[in-house]
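Quick heads-up: structures coming right below.
Two complexes are shown next, each including subunit A; its partner changes from subunit B in the first to subunit C in the second.
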Partner chain A sequence: MRDKTGARELAAALAVSRIFAEAASLPDEYHTYGMQRFTVIVLSFALTAVLFMSLYFVTKRTGGRLFGAVSGNGALTGFLGALFSLYLLYSAAETGLRAHYYTSGTIFDAAPSEYFYLFIGAALLFAVHKGIRPTVRAAVVTAGLFALFMLVISLALIPDIDLDRLYPSPVDDPDSLPAQVLRETARNCELPVLAVLGGSAGGKNGRTFAAYAAVSCLVLLLMTFLGTTVFGELVSRLDLPFYSLSSTADIRVLHRINGIDVMLWVMAAIIRLALISLAFRETAAACFARGKSADIAALIFAAVSVGLSELFTVYPALFTPVQRLSAACLPLIAAAVIIPPLTLIGKRRKHS
Partner chain B sequence: MKRLIIVILAAAVILSGCSAHAELNELAIAEAIGIDRAGDGYTVTLQYFNTDTTGGTTAIDSSQPNAVTVSGSGMTIESALGAASYSCGKTVMPGSAGLIVFGKDAAFDLMDSLSFAASHYSGNPRAYIAVSETTAADILNVKFSEGNASVEKLEGLMKNAEALGMSRTVMLHEAAEMLCEPTRSVVLPMLEAVDCGSELTEEGNTVTITGGALCTGDRFAGTLPPGAMSGLCLLTDEGATCEMTVKLRGEDVCLAVYGTDAKIAPSIENGAMRFDVRLSADCKIVSTQLSDPFGEREAVERIAAAELGARVSLFLEAIKRYGADAAGLSYKIRSYSPEMWKAVAGNYREALENAEFTVSCDLHLERFGIMHG
Partner chain C sequence: MLEKELTKNIINIRAVMKNSSDLVVKYAKAGGCDICVLCCDGQIDANRTANLVYRPLSEIDGNVTPERLAAMIGGELLLACDEKPVTTADEVIGAVLAGFCVILIDGVGTGYAVGAQGFETRAVAQPENHRNIRGSREGFVEALHINMSLVRRRVKSPELTLRTMKIGSVSNTEICICSMDGRTDRKLLKAVTDRLERLPLSLVLESGFVQPFLEEKHPLFSGVGATERPDTFVSKLYEGRIGIIIDGSPFALYVPKLFSENFIMLDDYVEKPVFAFFIRLIRYAAFFIAILLPGFYTALANFHPELIPDPLLRNLAAAEALTPYSVLTECVILDIFYEIMREAGLRLPSNVGHAVSIVGGIVIGDIVVSAGLVGAPMLLTVAIASISGYIISDLNNQISLLRFGFILLGGMFGLFGLTTGSFVLLVSVCSLETCGVPFTAPLSPFSFAGMRDTLFRADWHELGKTEPDVLGKNAPEVHRHEG
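Let's look at the complex of A and B:
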């Protein structure tokens, strides 16, 4: 790990990254109006905490880094690194797709999408080249702006909030609840990212996770509360729920602030992509690359993930089966529950 | 790092003029959009801010009606908007429109028409929505000369009507929400252009509010009189205000009602929905010819409460007649009992048509004016 950062800063970066997953509802992800959404969010973070246990105990023994003790050793490590990288690649491509979906629905509706890739590409180059510290710093700034933005929007929307839209039924449809919880949990690709990058925050993975999960959960609950009480039944038909909220918030001086919303979500997308790319760099450095070649591999990874997201955008039929697999939470379980104990086997083999 | 930021900022400032850009006078910044049915398609009338006003010493002349209207037709609203843009020779910016008026014919497919504005990334969710008694073009062709933007006058008109209890303003996001509700019903203010020698416009015409238009997504269900609109406000808006004049012993008592609060308790009795509406409000005497208004307060409260109850009942009758939940009663049911909602959700429209409504009103006279008869 070339540079260090604080646990709280890393938690803020992971929270920004996680919240980005709510920027746009992709097809198959539409939220329905109802109190079940609150239950889904709370249960998904509870399940995420359970999934984190495996990572926690493994990384506690390896100084906070998943592949820390087995770097560059053996076919098993290479295999595990490749599997892990595959998950990271999907997460990055899905993030790119979501970001493209969001921006093409908003500001880039009026601007060429090439700008989007230029911007994202430049930011990724910067992140991979400079390391985790500038990425985390940018994330902290974004988190601060986002918190301020949430506060302003919440205050502006108070006259539109109708508490009659809340009702005492935490589970409307018990049949769909497990699938919804799994789908929501599957969005936590920050879990494997933390397992790899946790070493840069002094290995305090437990504390980092607790802060990240608590903040993300609270923000998602607040966003859901605002969406439900302001839009009621309309939330079922919104592709970009938070953008719609910021468009509806009437700030007297600024009138409409949805332009700031776009800026924040694009920043959050860049941070998520940068974190995933950095996680890949660490994985590559530990499992199958050395020195500068890990940097080059990370840049290639970033380029491939952006290209793959474009492929998913152009050919949704390619994305849908992968998305369904991911929504079942299987890739996350593989990356967060199955791979970590196997790295310990790799460690034992190395030491023996 | 600092040098890099300085270079980027300097480049942004210096080079931004080199990229494609639009001058203000090349834009038609929409103030209001009118949508009418034209055969199988639509006619869109656009009222936009005129940045090229002549006759004044400045570009924006507040003594002139700075509003221009153009129209275009097409098979879809977007294509009609494109035709309007072509006609005016400017790039249309519909996102800042503060008012969207639907002609009575276009209100038949309000759901489709609204999706144009609600799903557009630059659409203004806080734009007011209204229906024209005739065509939307008739309303937008009335150009008020007072103020910079003609549409501000229309918005002010609707807000004042709401304060007096004659109508209820509806924004785009509210209308879109109501159209997602199970009976897809919304009540919009009904506007009418009248020629009355008004000094507010150069042509002498103006716009009045005649009541409400009950739209049920796929049809224009009917017109609601101002009394029913007042009932809607009392039922749905906490703290709604209205004015009323009641007669007591042959004398007029003009009252201002405020601080209203409606409690709705739904239940199912003998398989039919039942709603108990309890309305409470405060009021004050604005003017009266009664010799002892303080002594007559109970009688005044009783008569005024009956009038408020009648207004609410008038609106509820319309809900029952059309099976159209334009007051968001479904939320009240869910909030009261999710199980009850599950029981009626499948055939909610029928349940409303067969529902029973009881209305009671409790009015408290707080102030008695400063003169009596």
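Let's look at the complex of A and C:
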């Protein structure tokens, strides 16, 4: 692994990436905010931890790299790499689409989506070109700013918090709970990303996962707490829940701080896209390409993912079926359940 | 090798020196032998030469053989602290140009170089750029040996190692590599020394000539620091950095430099920690105001007026309605105008520079607003950003360039442009490392130990307990860059 970073820094980057997935609810995403939302978040991270187990045991043997053992195994390597790359491509395209949906609902208004993707794409290509170390360090700074911003928002919202809106019912609608948990779990594309990039952080995947999952879960719970206690039932109809919170927070000096909120979310989106693209670079380096060609492949992947986001933006009908598949958590389960045993098989073949 | 015949040696040396006018050749007799004293005009102290060279030689009684005279000069006579034999014409010339007096004896193939250096130097004075309220008023000067003494006076310990060497094949500039044994990483020291030894320059006139060869390539920021203050320089050495003093430059370099050090001043350590924290917070805020405020203003005014509070928005709209240009054009014009004034003020003599500042700042500034060319809020925004930029003197150039870039991004693409621009800048800064030490440490990668003297400044009782660990876990990974 030519580009190394720290486990704590990678955990912070993954947390920023994961939290971005909560920035906006896409049109077809169904969320029940309220007390059940807390249960959904906790259960989804519990399920994520279960899914992580198989990845953990495989990557533990290969220095934190999912494809560390199977490189050079011909057809099997190609198949695994292609499967994994497809998942990454979907995750990247969905991230781009979510970022566009978020910005067009806030600061980007009715500006043509081409401009948005052009800018995002340029920043993304720069980050991918620079590598994992600068990207992760930038994510640490973003995480710090985000924490500071959360603190300011939370303090500013204290007068608006109505604790009577919390009620002792962890499950409001048992029928919809499994679907919601799966949908929430499906947002953890950081899990496969960690399985590939973990080698860059010294292979401490268990520690990295624990830190990223704990921080993400706590932040999401805090956001849900604020949303529920400030907006009450209204929160179930919010497309941009955190933007709505920051818009509500009336800081005497800054007055309108939702502009800063948007800046942080856009940066988080680029970090998520960059991490996914860098995960593809490692996948490509192990499965398809060697040396510089993996770097070029990662740049092409980043450009293609942004292009795909634009396609999904222009033709939403193309995205809907893919999104339904993803909402059932199938791609993530495939990445976490199918690929690890195959890598072990590939490793045995290689040694035999 | 030097000839035994004195005349041949002098002819040879004159030929190599192309009969340069500043080469002084003084023939004399000492102990009955023909000798010649060579020196460079303006490089030696006349009194020292008379006392250390001419007087002892003229006091030799009777006649001695040339070999005996050479033995006396080389061993028995105490001519100077800095005395060495020279055996080749190149060594003679090198010594003469470095301010030595070289004594050549007819019949002996060895000369003797006697240190009698003495030339006009600027007196040690308060630094121009790094002023402080409390503490020493001494700043580095152009003479290397004076600067070395300023450093040594502050660390009277064998831990401090000063090693001189020459760089520049033509200028033969003397430099001094300073480090503290046991604190400086040896790999880092070796890497810096290797880079200096391999320096491809023939002429080194200023520390800025050397700086690019010590830092990693980056379009904006540098991982090599420069200071005019001996006390700052010594504190960096104490923290494990490598220092480089270059003859002819009042700016000493240190490697590596961190981004957060731009916001730390020596005065922070003599004030109460709470004030140090407050003032550092102000400096960070000033940096972001300096680069982002005009861009943010143009972005909000052009694309996101809903983010501006209503009463303020009404005032801004009223002011901008009276001007003929767009907000972006106004901002660009004002920023360029400010940069022109700054450049003019820097290069002109100080008394004229003040006049330019007054004419530019007050007269023109007032007239452009009253003439309706630029709105008063825009003028205020650019002025606040410009003044904020002065707080961090080491980053003045970077601030100017970044401010201009963010004005264009904010004015053309709004907050979205500012965001992507900020992200690219952040990744770019985070990618910078000097000899394996991240430029953004200890902020990112984050280190709790490093944070006790970054934004906050711990109390001296706390700071004094342990050794400084500024580079900390970011210990240099020199091998990676030197491979």
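The criterion applied here is as follows: the second predicted complex is superposed on the first by the 343 of 352 C-alpha atoms of A that agree within 3 Å, B and C clash if a C-alpha of one lies under 4 Å from a C-alpha of the other, contacts with A are read in each partner's own complex, and residues count from 1 in each chain.
Rule of thumb we're sticking to: a residue touches a chain if its C-beta (ideal position, glycine included) is under 8 Å from a C-beta of that chain, and two chains touch if they have at least 3 such contacts.
Keep in mind that this is a model prediction, so the values were computed, not measured.
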Specify the outcome, clash or fit, for subunit B and subunit C once both structures are aligned onto subunit A. clash
If we overlay the two complexes on their shared chain A, which of subunit B and subunit C does A:G259 touch? Say first, second, both or neither. second
Determine, under the contact definition given at the top, whether A:A195 touches first (subunit B), second (subunit C), both, or neither. neither
Is A:I19 in contact with subunit B, with subunit C, with both, or with neither (first, second, both, neither)? neither
Taking the superposition as given, does A:I270 touch the first partner, subunit B, the second, subunit C, both, or neither? second
For subunit A, which side has the bigger count of touched residues, subunit B or subunit C? C
A:I132 contacts which: subunit B (first), subunit C (second), both, neither? neither
Under the stated touch criterion, which partner chain does A:E233 make contact with: subunit B (first), subunit C (second), both, or neither? first
Once the structures are superposed on A, label A:D162 by its partner contacts, choosing first (subunit B), second (subunit C), both or neither. first
Between the stretches 185-193, 383-391 or 401-409, which region of subunit C is in steric conflict with subunit B after the superposition? 401-409
Show which residues of subunit A both subunit B and subunit C reach, each in its own complex. 107, 256
So, in the complex, the side of subunit A touching subunit C is made of residues 5-6, 8-9, 12, 103, 107-108, 115-116, 119-120, 122-123, 126-127, 130-131, 133-135, 137-138, 140-142, 144, 255-256, 258-259, 262-263, 266-267, 270
Interface with subunit B, subunit A side, in the complex: residues 33, 105-107, 109-110, 162, 164-169, 172, 230-234, 236-237, 243-244, 247-248, 250, 256
Quick check: in the complex, which residue numbers of subunit B touch subunit A? 121-126, 173, 176-177, 180-181, 328, 331-332, 334-335, 338, 341
As the complex stands, subunit C meets subunit A at residues 300, 303-304, 306-309, 413-420, 422-424, 426-428, 430-431, 438, 440, 443-446
